[in-house]
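Right after this note come the structures.
Note that subunit A is present in both complexes that follow, paired respectively with subunit B and with subunit C.
And now, the complex of A and B:
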């Protein structure tokens, strides 16, 4: 773990910062997707991995952020970057509002409820709710990224925007882990009852995690719009949520595990594009095999600086 | 008023299909506390297997004998798939964290769904007309022979299942395992056999549900399992998951709800309304309509 902090992360960040120099346009696009989906997967990790809320609807907040940006740009002519506060706040508020009444539900019920939210969202968008979502085709022909009137047509600019968002997310997650809230989430996930009995307001922290995850996913939505200058409902369906859910669990809810998961799920298919039709067939087997061989995930997360001899293996985690 | 009775008939038909599929979810959940995400895809696979048996084995004949054989063969093949699925994907994860088993189930679902796509292709296939198109019109309400068959056959299967679970030794063992697996094992019940039995029963009922979907809607696609599976799962939760009469009730209620929404409000919003209903019921009664109010075990 120490080696990872001292060498692993800086190396990774330097590598990612230099990456677009060595890639052609197509692979730059793949690299941007990797960053965007990593941010969504990390936001899912806050909810599912850190707090233990069985949430299978993270694509909803990703999509909500993307649609906020797209609608503000398309209808009101806001520049993409100026929509960021809205694209964070609206999904976060929705997350808090939706989480409030359902947080008391037991695990699997929560899972289905969040799937339900996602499906309601996709159907609302498809049915052109309020006449601004563009129906099944979505919204296209949006502006590209611009800052102080200067328009960036090169997608390297989008890459560094995505990279900045990813760094921000990593920084939030790092701070979360070392903060009061992060510790509360950790104990809350291990044993909600014990957490409650030592004075942790479990309900409040669960809603906090849900809102934070939703906000970050919404920000990723803005980057998604900057990349494609278009949004459509398919990108935010139940299938996407299933992928983010699986990435967090298969990865073991640790940052390296999640990057690995996103790489396998979204980058490898581009490398082996002739096998595209076999993609999910192979992933299915890989998910089963990964879970049987490593039930706690490929790269299980460790928490804090607790000495090894104090850690007792339990079945409550994960 | 005609619309009302028409949607009532349609709703009961869809509802009994949901109920058959929901039973598979609820029985597996009852004993293993696991959402078997692959169940819906097995339902879809059953329709495709039925299609292939009809064209390849039965030489495209729709006699009573061949229809019965199609139902039996599809049910048996799905029962085999169910048992293999449990053995390969779920049994090694019984002691693992809950979410690992959920991901394994999602993986199995992807394997089956995309296996169908690789074998039968991604395009929509038309299910054969196994039952003659006979309609009766009763006071402005149209009832088809298929609807009558679906209703009666589902009812018979559900009553049979109810008596099997409530009145036989095997049924008592199933109920015991769903209350407390360890205690059941101490009483000499072989829980592995019980789980295999549950997968056999659940998958065969799901297979019949899949054939009904093919017969009733005609168009079958490789990814329809998620849609019907999710709806059936919602039905199981509405009734109270793990509860067999609950799954039947939930299926019927959901079918009626869907039909009335489609008839009176709008069919493009039916998924959204279904999940809004689910969310409201879960907020009011967190364990479903017939679910027991159990305190969370510590």
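And now, the complex of A and C:
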């Protein structure tokens, strides 16, 4: 755990910062997707992993952020970066509004409800809601990234944008672990009744987690648009939500576990692309095997996040 | 009526046709160690659940410091200074002892929800401050050596101590203990007794359910006896021990022997 913080994360960050230099255009594209999907998976981890809400509609908020950016760019000519506040706030607000009436539902019931939300969203954008979503073809021919009038056509710029968003997400995840709000999520997942009986407003913190997760997923949507300069409904369907859900469960709801999960789900299929459709067959079995052999995930989350002055020499285990 | 009193009047809780708590009234005075005893299934824990907001009683009133708290949620009741432990220990078993106790600081912490996203110097100070309070509880309950140990791997007696430490971290005015001695050996029970006295000496009122009659008779100032959801007797331990209704409830009436 300690080694991970001292060496693991800095090494990973330095590696990811230098990565585009060693990749050709096709693999740079894969690397950007890795970053974008990692951010969405981390946002799903806040909701599912930390808070224990069985949300199977995270792609909805990812898509909502992407559509916010695309519509503002396409209809009103906003630059992609200037849409960021909207692409975070609209999904976050929607997350809060949707979460309010369903948070009292138990795991499986809530899961079905979130699937419903996801389907409604996809149907709405497919049917060209308000005449701005472009129907089944989506919106294409959007601007590329630009900052202060300077346009970046190279996808390395998109890579570093995605990288910055991932760093921001990691920073928020770290802050959560060292805060009252973040701990409250762990408490209410492990034992809602005990959490409530020790003074935690479980409903409030569940909605907080849902809204925060939705906001971060929305931001990832902006990066997605910057990469493809287009959006279409199929990128944000139910299957995507299932993948994000599985990544958190298979990965084990820890940051390294989630990166590993995203790597296995989105990058390895590219490596094995000569195997064509068989690769998903292999991954299906890999997922099953992972859950049987390591039911708490490949890299389970660890606790014991306490200040040094409380740790005595003679500590027993832990 | 003095400041920190808990007064139950005519509290009734039904589950379908079953009346679990029937017209229960008692009052706990500030600074007391108050005991509730009764045979299994008498409705003691249900009564506690009605006080702490887990259940809402159909009738009656629960007044704390003169304020009606019936109908409030559990966390609102904790906010008013009433904290409980559970008969079946409910710790966050995968988490360390220190983190478990830290959960009791939740309500005392000055951080807002958004400090979880953007920390400020103030929220970092608050964080440090609360960990120091956790350290105090670790020392009070003699758990310093176990700060990083996951509570799931501790002995039953230790887990009871952690649960009390967690409750005390809230700095309650009224501490409610649901069978604190259940599953403890004689030595641990003895230590528990000393701990409860120490808690009382800090100015905390203690309300407890207990099966261990020796312990109840020794430590409580006043007690109520419940059977079939009704109060059948109350008084000082000596008074209650001499009460024929209590003897009947616990030992069966003389008629039963025939």
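Everything below uses one rule, namely that the second predicted complex is superposed on the first by the 304 of 318 C-alpha atoms of A that agree within 3 Å, B and C clash if a C-alpha of one lies under 4 Å from a C-alpha of the other, contacts with A are read in each partner's own complex, and residues count from 1 in each chain.
Rule of thumb we're sticking to: contacts are C-beta pairs under 8 Å (C-beta built on N, C-alpha and C of every residue); 3 or more make two chains touch, one makes a residue touch a chain.
Note that this is a predicted model, so its numbers are computed, not measured.
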| item | value |
| --- | --- |
| Touching partner for A:7 - first (subunit B), second (subunit C), both, neither | neither |
| Touched partner set for A:310, first subunit B, second subunit C, both or neither | second |
| Subunit B versus subunit C as contact partner of A:140, first or second or both or neither | neither |
| Which superposed partner A:280 touches (first subunit B, second subunit C, both, neither) | first |
| Subunit B versus subunit C as contact partner of A:193, first or second or both or neither | both |
| Contacts of A:181 with subunit B and subunit C, given as first, second, both or neither | second |
| Contacts of A:111 with subunit B and subunit C, given as first, second, both or neither | first |
| First (subunit B), second (subunit C), both or neither touched by A:272 | neither |
| Common ground on subunit A, meaning residues reached by subunit C in one complex and by subunit B in the other | 193, 315, 317-318 |
| Subunit A to subunit B touching residues, read off their complex | 48, 54, 101-102, 104-109, 111-113, 115-117, 119-120, 123-124, 126-127, 193, 238, 242, 245-246, 249-250, 277-281, 283-288, 290-292, 295-297, 315, 317-318 |
| Subunit B to subunit A touching residues, read off their complex | 29, 33, 35, 88-89, 92-93, 95-104, 106-115, 117-118, 122, 226, 230, 233-234, 237, 241, 268-269, 271-272, 275-276, 278-279, 282-283, 286-287, 296, 298 |
| Residue ranges of subunit C touching subunit A (in the complex, touch as defined) | 52, 54, 73-75, 78-79, 83-84, 86, 90-96, 98-99, 102-107, 109, 111, 113-119, 123, 127-128, 131, 134-135, 138, 144-150, 153, 166-167, 170 |
| Touching residues (chain side subunit A, partner subunit C) in the complex | 172, 175-176, 178-184, 186-187, 190-191, 193-202, 204-205, 208, 212, 303-307, 309-312, 314-318 |
